Structure formats: structure tokens, C-alpha cells
Amino acid sequence: MLRTVSAVAVMFVFWIVLSGYFTPFLLASGLASSVAVVWLARRMGMVDAEGHPIGLVPRTVFYWPWLAKEIAKSAWDVTKVILSPRLPIRPALVRFRPTQRTEVGLATHANSITLTPGTITIDAGHDEFLVHALTSASAEGVVSGDMDARVTRFERGA
Amino acid sequence: MRGYLVLRVVAKIIVPFMLLFALYVQFHGDFGPGGGFQAGVIAAAAIIFYALIFGLPAARRVVPDRVVESGIAAGVLVYAGVGVAGLLLGGNYLDYFVLDPDPVSGQHRGIFWVEAGVFITVSSVMLKIFYMFAGRQRKGDDG
Amino acid sequence: MSAALDLASWTALAAGGFFCLVGGIGLLRMPDFYTRVHAASVAETLGVGLMLLGLMLQSGFTLSTVKLAIIGLLFLFTSPAATNALAKAGMSRGIQPLLASREHESSKR
Amino acid sequence: MIDGTHLPVLQVVVPLLCAPLIVLVRGGRIGWAIATAASVFFLASSLAILLEVQRVGVISYAIGSWPPPWGIEYRIDAANAFMLVLLGLVASVVAPYAWASVRAEIPRDNHYLFYALYCLALAGLGGIAVTGDAFNLFVFLEISSLASYVLIALDRDRRALLAAYQYLILGTIGATFIVIGVGLLYLMTGTLNLADIASRLGDVRQARPVLAALAFLTVGISLKAALFPLHMWLPGAYAHAPSAVSALLAATATKVSVYVLLRFYFSVFGTTAVFAAMPMGDVLLALSIAAMIVASAAAAFQTDLKRLLAYSSVAQIGYITLGVSFATATGLTGGIVHLFNHGVTKGALFMLVGAIAFRLGSSRIDRMAGLARSMPLTCAGIVVGGLGLIGVPGTAGFVSKWYLVLAAIEAGSWVIAFVVVASSLIAVAYVWRFVEVAYFRPPSEETARLKEPPAALLVPAGVLLAASVYFGVEPSLTLGAAYGAAEALLAGPR
Amino acid sequence: MSALDHYSYWVTIFLLVAGLFIVIARGNFIKKLIGLSIFQTSVYLLYIAPGKLIGGTAPIVGAGFQVYSNPLPHVLILTAIVVGIATLALGLALVVRIREAYGSIEEDEILRAEQSAARDDAT
Amino acid sequence: MNPETAVLVAVSLPLAGAALIALARRSPDAREGATLVTGVALFATVASLIAPVQAGLRPSVALVEMLPGMPIAFTVEPLGLLFALVASGLWIVNSLYSIGYMRANEERNQTRFYVCFAGAIAATMGVAFAANGLTLFLFYEMLTLVTYPLVTHHGTEEAKRGGRVYLGVLLSTSIMFFLFALVITWHAAGTLDFVPGGILSGRLGNAALGGLLALYMFGIGKAALMPFHRWLPAAMVAPTPVSALLHAVAVVKAGVFTVVKVIVYVFGVDSIRGLASVDWLPTVAAFTIVAASIVALRSDNLKRRLAYSTVSQLSYVILAAALLTPLSVVGAALHIAAHAFGKITLFFAAGAIYTAAHKTEVSQLDGIGRRMPWTMGAFAVGAVSMVGLPPTAGFVSKWFILSGAYDAGHWVAVGTIAASTLLSAGYLLPIVFRAFFRPAGDDGGHAHGEAPMPMVVAMVATAAATLLMFVFADLPLSLARQLVGGQA
Amino acid sequence: MMFAAATLAIIVTMALAIVRAIRGPTVFDRAQAGNTTGTMAVMLLAVIGFLNGRPEFLDLAIVYGLLNLVGTIAVLKFFRYGDLGDPGEGEPPRQP
């Protein structure tokens, strides 16, 4: 039940952020819409830990900046590869076992890998990830498990 | 495509926001590019996205066929009903001025309900078209 | 003060544009499907991110900035999801990536 | 509120509201009741409007109380009041007919769809007849056309699907030409209100975009009206559609499109622009004569009675446009009265053929050997209808032919007058095809055991047939209305 | 205003002719519908391009703007788009039903099926 | 019953009769009774109009307006009354004859026969009393349509072919030319009412008048002016009573009646006399007379010979009317009656011969006079009348036509009449001679007596009428003279 | 001026993506190029919206972004499974 209320709250905030006009009619309709959307989301079975991971939000403050840095770094590497005449790519498939337990955690990990240029998650499952790496450097990056640890900490807040 | 874990998680997160965005577009027709048509399409797109990922039967459980078909009809009745309301209140058909003592808010009220009607119809039609064509393959296999 | 902001936004926009172009070029130069996805991700992450940042700096603390942030968030979630779906669909449809050597066995547990 | 002022918009709104209502209710029987009620209301309201127009001259109704030319204006003069009466009469006769005909020809779970689309088509056609706004006209045109495509496709026979598809393609091309024409007019005048366009055309009437608009509109509307040679979609559509649909469309759809041609030619562009500056008169004349001769001849060689009647429709539309091509009071009166007379006659004929198909299961002529013995009433009806198509005195067809020949003579073109009378002889040929088979061939064992179709089918057909004879013997009502319409049109843009 | 300035009209003409050509030249029913849609879209530009006022902004009231492009063509074309979709959806539904009934959506194959069916009736 | 109601009754009575006949289809006797009663009643009604018309009255009544300014209206004028009298009178006789013929030959669907017959008479009354061109055209077309089932009575393949020519020629000429002429007249004169002295005087140029006259003459297919005569021989497929109807009672009579009516009441005798553009008509009529007579001469089939005899006799009336002199116009009116009585007698005889002796060819008629004295006697009277010798009606009308031609100084006409008299003698009198003065050929031992009683009575009656009209010529004459305003 | 540069960059990238879409051998290359084009379109809308000073364009950008995602997934599913309604393996979503 708490999750539903928080979901409505998040929706209403999103509405206000979008709207920019704060007339009573619009605010009322915003609230009504939020309630309606959450009701429909519940019918779709989306208002659960996965669909509405409210708990994880505070920790994004720490995780996202790190991710941004990683993305910038690897993007620069890939840029150098693309722009160099020799196109020094050594594509490789890497399989490894993730340490996250919840689907949201796994999804975050998979997306983080995909977001950082040089690596894309082809298949993400509870017991195995399949990643395609552009260069051997990016392949090692994945295997190193550095990102895996960070995501798990993000997931469990340990 | 339920097997696609990443898609499933992302879908569960953004579908509600898509629906809310649709309603945002619906209500802000007066202030920016919005209104019934666009909102209806976005809302339908959200449900279709859900159906793509979680399968048509799941979508049919959320928005059953009967609701969709009556939505098509109900939307038109709402739209035309606003016109008739204008008629009953002494104006011509589709006259918004008479919908409220103050003509300007009468306009707002009129256009609001017309756009609501359009939203219901357009979203229902889009969904109905998707249900028919997507469902056909399924019927094709079983038939 | 605003001059510094303008300068920052110009550079962000320029960088964003540059990375977009890099991504575009990569799209054409890369030999196979999967490698092209990498190139695209450069454009879709840094290219888009920097340009959005540039625009946000331009508009300061207004409604537009918020909406730009929302677009950013949107891309943050949907872009990798789409890329993953594309790659997974491609793989399950049997498109073999060009591989330099044997697969790296995960050394860990 | 319920005094006459709101009738013009209720003509469209009532059937328009009934369509979704029927979809909501999803009942075949209730659907029929609603559709029939809507049609009868349409007729009653159209008669009231006709009387009002005869008293006042022109009725103008502003949608949403936005005064013209800003708002959408429903503008009814003698011309479209007469069209509304035709629509109302045919609709309120075909609706009862549909009860038995639909049960026989359309799968059970589509019945409610038929009636919903019936109301939609009626609303669309009513809208075309009523509106005074060019783009609104296009929208109603598409509403009625889309409803017609589906109505045709509802038939069990798979060829109905092909016919509907072909009609959709050609109909949409026609509609798009119309919307291009309207767009060009809007470009040149900055307004969409027909009367306003007419008054603003002023000196740009000869400008090239306006002439281009005239060309686009002519081709587009001719496609919708199935004016020869743009009639290719009609035979298939009317032959394979359910009988009730063929009856409704044959009597109304093409007729309303011809009205649209009249409205643009006379009320918007004006006779001088259309007939003096541009050779539209001669073009229409040539196409009409071609239609009268070629389509009638084609009808004579058909093996299916419905397809025969369809080709006959193409020919009869040629007669209507012939009257229009003279752009004189007599010519227009002849054209407009034939628009009504043929609508009524052909509606009755299609219903009768539907009644035969109800018993025989087919409308192929060679399976009707000796049918007159087992179905004397129905066959007599078809003969009377056939005489109406020929234009034998005592039928409404004669009145129209009289005015068309007179118009030709007044215009000094004796040869064309002779062609009109001569070509009605070809009608004898294709009516004779039925008479010979039904009356002279010994009944096959299949036709021998048939009995008359049920009254539910014959009575509505009888009503239209009686109308086609009554307005042949005492045509003061139709001629009066047609003459009024001709005068209203010839008054041209103010 | 040289011919080039009227580029929107050239686009309209191209789309119109291309659409009609596809409808006529192609035997596949789906391709015909695609051609028909292209033909319908030729009208959109015809209405909206002339509506654009040089220096006029998008026809939505915004602070600090006086000159707006003409909103009417936009409204009209929104309706035309809806009509286009309705026609396309109906066309596709018909093609699906035709494929079920005839087993093909190629014009010549279907006509052949029709002719042979007609011959059977006649004998 | 005042004259106005009499006119309405005259037109509606046969229709009522037709309904009565249809109702009485169960019992043939009741059905035939209804026909006869209706026939007598009709004749009485028409006869009641003689007095007022002779007193110069023109009773007229208008019904509904079919077109603005053109109601369905009736006016009784002398020519119309004369035609109506002949038609209604002969209907009675023809019915009597039909009863004998249909029963003797066991014809199928006789009810349809009598109903259509009554319908045809109603149409004929409509044509006779029509007050304007439109009403005339309405009933003229009705006559074509209602006689069609009679012509194709047997329903055989041959009947259908004959029917197709019958309907084809009559409908196409009426729609293409007659209707066209009416519209032109309406355009020129602004009215289609039949007005003594014509409505076109001074409205059209000479050439246009000539052209319009051509449209009328060839448009009125029922007058069988060549080349539009093909329908008459084609209609021989019908049973004899129908041929009698076609040739004598209604159809052709309506044709020539309309011709005379158009010339007198539309063009006006005086206004077109002497016009160069109309003098082609007598020549065409003359040609038809001679050509038809020659064909008749060479046809061995009795009914075919009589058919072509009709074609030529009809052109007598047209020729007479075309001469445009008072005497010839009176002659034309009289000839309508004279030919009716004569030709119906000949057809009755032919029918009787077929019924009794199953003979159809002239060559088979040797010595038949001894077996069928009454039939051949009547035939002789008819023949004499056709040739135009006293004491028959034919002589009276031919006398007026001849003197009319003489007045007009139209030598071609005079010559034609003389020649045709010889020709008609040539194709009719030898039959009488062969019947009475030739030894009976071998009839294949098939002994046969006279035709059934009702047929003989009918024949004798019409033969008597042919003779009586010679003796009491003043009644038809008085009506005919009124036609030209007592100038003859 | 810098806006113009950014707009140009976006347009060129879009052009490159379209070239890949045309050349791309497999359907998935085309779908991927389509996705990139869509992303660039969103940025184009955002930038042009700013260039003309109309923040409302950003709403359009968001809509375009959403529809682009749905479109790409639909194309993927059609060419991979041939049926848009097929739920595929995995347990159905828990619906109360």
C-alpha cells in the first residue's frame, strides 16, 4: 500500500515538473491523473519493487556520477578507435556471472555496461551476462568486475 | 518478448510515465501542442508497448476488447454530447459559450469535454486496430 | 557570470556535436552489426548528454531545463534498453559477430 | 429549442449519434429499430426543411454559433433541401427493407455493424447535402464513403471484398482530388465557406489556380459520382454489395455527388466561369452522351441482373449530367428531377432484385427462366421499374426525359435531342433481357417451386415503385422542387 | 519568386504523381495502399506550406510573439491525416480478408481466380 | 349521364371490365359474359355522345397535370367520336367472334387474352378522346404495351420473334420520332392541345414544318407507312381475333386516326396546304399503297395477303389526309370506318376458314364456297368493300377521296387510287371466284361444314354493317363533315 | 551561432545514420540506424525549439523519443517473431 502512495507521489511530482502552470484545475487534474495512472499500473502489475524501485533513488546520487565518469572515459577511448585510420578493433564476446540478486539490479548493471561505449550487453540473465566488447581493453574492463561490485553496492546499499 | 529482462524492467518503469505524459498532453491542449488526438495516440502507444513486451493476452486482460469497442462509441457520444448540451442550453449545436455563465470558461469546459471524447475514441481506435492486426496472427495459428 | 555560462554551454554543445559526428562516422566505418552499435552508443551517450547539458546551461533554472533533464533521463533508460533488445534479437536471429579471438572465459567464479 | 431552427444540424447529428449508440448496444434487432427511427426522423425533418426553404428561400445555421464565414455554416437552399428529401425517402424505405434482406445476406454477428454503418452513411450523405463549408464537405464525403466501403464488404460473397477495395482506392483518389481543389480555392480566397469563396473569387475567377481547382474538383467529384469514364468502381460495388446497400447507394450516393458538382459549378464558380470561360459544358455533354450510349449498351450484355442495373445507373447519371451541361433552367430542372426520379426508380429495382435473390439465391438472369409464373408481383414490379428507366409516359422517367429533350431543343442542339430519345431505346434492350427470360422461357424446375418474396421485402420496394409512377403522373411536387432548385443554382454566386 | 522558391509545390506534385504511379503500376494490393497513402500526403504540404508566414512562429500562442503562421491549414490537415489513417486501416483490413478469401493479394492472380470461377458458373 | 362523365366512363369502363374479367377467371362463361356486357355498355356510353357532338358541343374533362400546362385531358370531337364508335362497336362483335374461335381452337390462358383485349380498348378510347398530344401519346404507348401479350399469345419461339419486331418497331418509332416531334411542337407552340385549325400556324418555317411532319408521320408507327410497316405482317403470328383487333378495331385505326388528328388539329389543314415542304407525303403514301398491293398480290398466305392489304389501305387514309382538301379529309375519316368494317369481315372469314378447314393458303380455297357459304359470302362483301365498289362502305369513302384528289388537281393521287382499285380487285376478287366457281379440290377426304355459330354471326354482322354504311352514310358523314367545318 | 553548429552536427549524423539504414545489410542494422535517426530527431527538435525560443517543442521531443522506442521494439519483434502479440517464454506478469 505504501508503494502505491509513493508511486502516486512520484507521478504527481513528474506532472508538476512537466506542467509549469499551477492553476487549481490543472493541479487537481494532475492529482487525478496520477491516481488513475497508478491504478492502471497496478492492474498491469507494475507497482512492485521492480516497477517502482523507490528505495534505490537516494543511492543514484552516488552511482550516476561514477557511471557518467566511466561513460566519458570509455567514450573517449572508442572515439580514438573510430577516428584512427587503422580502426584498431578486436571485438570479443565475454560471459561472466553477475552478483546482483534483484532484476532491477541486473537491469541497471546491464544498462550500465551498454551505456559505457565499447561494451554492450547482449544477454542479461540471473546467472550469466553475455557482453560484446569492441576492444580487448574494454573486454578486460568487464571481466575486472569493478562495475559489478559498484552496481551490487548500489543495489543493496551495503 | 518477456524473456528480455532489461526490456521488461525498463518497460515497467517507463510505461506509467508514458501514461502520465499522455494525460499531461491531454490537459495542456490549451497551453501547448496537445489535446485529444495526440494524447490518445500516446496512451495507446503505452498500452501497445506493454502488449509488445508482455504479450497481447496480458494487454487484453488490462484493457479488454469490450472496453476498447465501447470506448470507440463512448468517445464519439461524449464529443457529440457536448454539441447536444450546447443545443439544450439554448445555443446552436457545438456552442460552447452557453456551457457556462461566463462564456470564456464555457469555451474551456466545452473544448475540455470534446478533447476528452476525442481522447477516448482515438486511443480506443488505435488499440482496436492493434488488437485486430496483432491478434490475427494468433488466430491464424490456432485457426 | 553569464559569459562564463555561455562559454560552458557553447563548449558542451560543440563537444556534443563532435561526439555525434564521431558516432555517425563510426556507424559507417564499423564492419559488422555489433561494432556499429558501439559507435552509435558514443553518439547516444556523450553526444546527446553534452548537447543537453549545453542547452540546460543556456536556459538556466527554467521549465525548459527540467524538460531537457527529462529527455536526458528518458535516454538514460531507453537507449541502452533498445540497444540491448537490438543486440539480443540480432543474436537470437543468428547474426554472428566478427571475433578477433576465442571468447574470454570469465576467470572468476 | 425544438422549434424548426435546429433541424439542419439534427439531420446530421441524429444519425451520427445513432451509429455509436448501435455499436454500444451491439444488437441486430435494436440496431435495426434505431436505424429505421433515424431514417424516418431524417425524412420528416427534411420535409419540414423543404417547406421552410420554400417559405424563406435560404436557411443558414451557424455551428457553435460562430457566424459565417469564420464558423462552419450549414446553408440550405431549394437545391439541397430537395436532396435531403430524396435521402430521407430512400433511407426510410430501405431501412425496413433491410430487416429481412440483411438477415439473409449478412452473417449474424455483423448485423449490428450493418445498421451502425447505415446510420453513419446516412449522416455522411446528409452532411454533404447540408453543409456550406468546403472542407466540411470533404469530411462528410469521406465519412459516407468509408461507411459505404465497409457496407459493401459485409456481403458473404468474397467478390464484395474486391469491389469494396477497388471502390476504396478510386473513391479515395477522388476525395483527394476534391481536397486539392478545395485547398487551391482556399489559397486564392482565404476562406472555406462556399458562399464566401464565391463572393471573394471576384476578379481572380480566371486565375490559373482557380481553373486548376475547377479541374481537380471536376475530376474528383466525377469519380465519386461515377460519371463515365470514371465509373469503373460502380458495377462491381453495386453488383456484389448486399441488396439493401445496393438499393441505398444506387439511389443516393452518386446523386449526392452530382449535387456537389452542381453546387461548385453554379453556386461557387458561377455559370460564366464554368461554362463560358471553360469548356465544361461541352466536356460534360460529351461524357454524358458517351455514358448514355456506352453504359446502356454494356448493360444490355450483362448476365447478372444487379450488374445490369449498375451499368444502367452509370447511363442514367449521364442523363442527369446532360441536363446540367446545358446550364439552362429547363436543362437543370430536367437533370435535377431525373436525379430524384432515377434515385427512386433504381432504388425500387435494386430492392426487387434483392427480393428475387432472397428466394432464388442468385441474381443471374439465366437462372430466372419463367420466373413470372412463380413471382408475378415481383416481376411485374421490375417491368414497371424498367419502363421507368426507358421513360415510358406514366412513369417518372418520362417527365425527366421530356425536360431533357426540351432542354436540348431549347439549346438549339437538335442532334443531341435526338440522341437522348434514341439512347433511351437501348434501355428497351436491357429491360427486354429480363422480360424475355422471366416471361417467355418455360419455368425451370428451380424457379417453378419458388414463391413470392416476403412482404417485408416487397412492400418497401412497392412504396418506391409507387412513388416512381405517382411522380410520373402527377409530378407537380418533384418538378416544383426541381425548378426551385434550378433557379436557386442559376441565381449563382451573389 | 523563382521556380525554386515554390519547392513545396514541387514536392506536392512529386508525391501526387509518385503515389498515383504506384497505385496504378503495382499489382500488389499492399503496395497500392502505400501508393494511395503517399498520394494523400501530397495534400498536406499543399495546405501547410502556404500557411507559413515568413517570420511567423508556430501557431501556438506564446509569450512575446506577435506574428504567427496560419493555424487553419494545420487543423484541416490534422483531420485529413485522420481520414488517411482510417482509409489505410480499412484498406489493410480488406486486404487481410481478401488474402483469406483468395489466398493472394496480387491483382493478376486474383483476377485469374475470378475468371476461372466465372467460367465454372457459366458451364 | 352528362357528356363529361360519359367520356370518363368510356375510358375507365373497359379497365373496370378488365378487372371484372380477371376476377371471373374461374368460370369461362362468366368471364365471356363480362366481356360482352362491358362491350355493350361501352358502345352505349359512346353512342350517348353522338347527339351532343352533332349539336356542335365538345364535351371535355381534365384530370391530373402530367406536365405543367399539359394535363391528362379528354375532349370529344367528331373524328374521335367516329373512331370510338367504330372501335367500341367492333369490340362487341370481336368478343363474340373470339368466344367461338378461342373455344374451338382450345387456346390457353384466355383470361389474359380478354383482360389485355379490354385494356387495349381502354387505351383506344384514351387515344380517341385525347385532348392534347401528351394524353394521346400516353395512351398510344399503353396500347403498344398492352397489345404485346396479345401478339405473343402463343408464347412460341416464332411468337417471340414476331413480338420482338412488333415491339421494336412500334416503340422505337414512337420514342425516337413521335415523342421528339411532340417536344418540338411543345417548344414551338407552347401547347400540345388539339385546336381546330392547328397550333403551329406561323410558328415554324416551311422547312421545319416539313421536317416536323416527317417526324410525326414516321413516328406514328401504327399507321404502317413504309418503311415502318414491318411490324404488321410480323404480328400475323397472333391468333385471328387479335389480328382483327390489330387491323380493324384498334391498333392501326389508332395509327391513322392520330395521323389525321395531327394533320387537322396540330398542323391545321388550311395553314399547310400548298406548302412545297409537305408535298412529299402524298407521294410516299401513294408509293406505300402500290407497293403493298403488289406484295399482297404475290403472297399466297391468306393472312399475309390481308396484312399487306391493310398496309396499303392505311396509306389511303394518309394520302387522303395529305391531299388537304375538305372532301379528301372527309374521305379519310370515312375510310377509317369503312376499312374497319370491311377488313374485320375478311379476317373473321380467314379465321373461320382456319378453324373449320384448317386452311391458310389462298391456293387451298378452291370450291370452299359450297362448304362454307356464309363465310365466303361475308368474305365477298368485305372484298367488294376493299375494292371500293357500290353498294359497300368502301365505295362511299373512296368516292370522297377520289373527288377530293380531283379537287386538288393531284393527278398522281387520282392515278394511284385508280391503279390500287385494280390491284385490290386483283388480290381479292379471284379468291371469291375461286371459292364459288372452282370445283372443290381434294380436301383429303376431310369433310367440314361451316364455322361455329358465334363466328358466323359475327361475320354476317360486320358484312351487314359494311352494306348498311353505304345505305345510311349520313351518320358518319355528318361527323366527318363537322371535321372540316361543313365545307364539304 | 553555436546552435547552428549543433543543428548541423545533428543533421549530418542523421544523414550518416540514414546512409547506414539504406546500406545496412541486415534488418537489424536498419532498425539500429532507425533508432539512432530517431534519437537525432529528438535532439533536432530540442535544439530547433531553443533556436526559435519555443520550449513547447521539448514536449514534442519527449513524444518523439517515446514513439521511437515503441517503434523500434515493434519492428524488432515483427522481424524476429513475426507476431506482435506473442508473449514469448517467461511467466506472465502478476496481475492482481
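Lettered A, B, C, D, E, F and G in written order, each chain numbered from 1.
In this text, a contact is a pair of C-beta atoms (placed from the backbone, for glycine too) under 8 Å apart; a residue touches a chain by one contact, two chains touch by 3 or more.
Remember, predicted model here, so these are calculated numbers, not experimental data.
Counting only chains that touch, the fewest steps needed to get from chain B to chain F is 2. Looking at E-G and B-G, the interface holding more C-beta pairs in contact is that of B-G.
Note on chain placement: the centre of chain B and the centre of chain C lie 33 Å apart, centres being C-alpha means. Averaging Cα coordinates per chain places chain B and chain D 36 Å apart. If you average the Cα atoms of chain A and of chain G, the two centres end up 19 Å apart. With centres set at the average Cα position, the gap from chain C to chain F is 103 Å.
Looking at chain E, one finds that residues 60 touch two or more other chains.
Within chain A, the positions touching two or more other chains are listed as 18, 20, 43-44, 46, 48, 110-111, 121, 124.
Chain F has no residue in contact with two or more other chains. Within the complex formed with chain B, the chain A residues making contact are 7, 11, 14-15, 18-21, 26, 29-30, 33-34, 36-38, 40-41, 43-44, 46, 48, 50-53, 103-104, 106-107, 110-111, 121, 124-125. The part of chain E that touches chain G in the complex is made up of residues 57-58, 60, 62, 64.
On the chain C side of its complex with chain G, the touching residues are 9-10, 13-14, 16-18, 20-21, 23-25, 27-28, 33, 36-37, 40, 43-44, 47-48, 51-52, 54-55, 58-59, 62-64, 67-68, 70-71, 74-75, 78-79, 81-83, 85-86, 89-90, 92-93, 95.
Taken in their complex, chain B has these residues touching chain C: 1, 4, 6-7, 10-11, 13-14.
Of all residues in chain F, those touching chain D in their complex are 64-68, 72, 134, 137-138, 141-142, 145, 152, 155, 160, 164, 167-168, 171-172, 175-176, 179-180, 183-184, 186-187.
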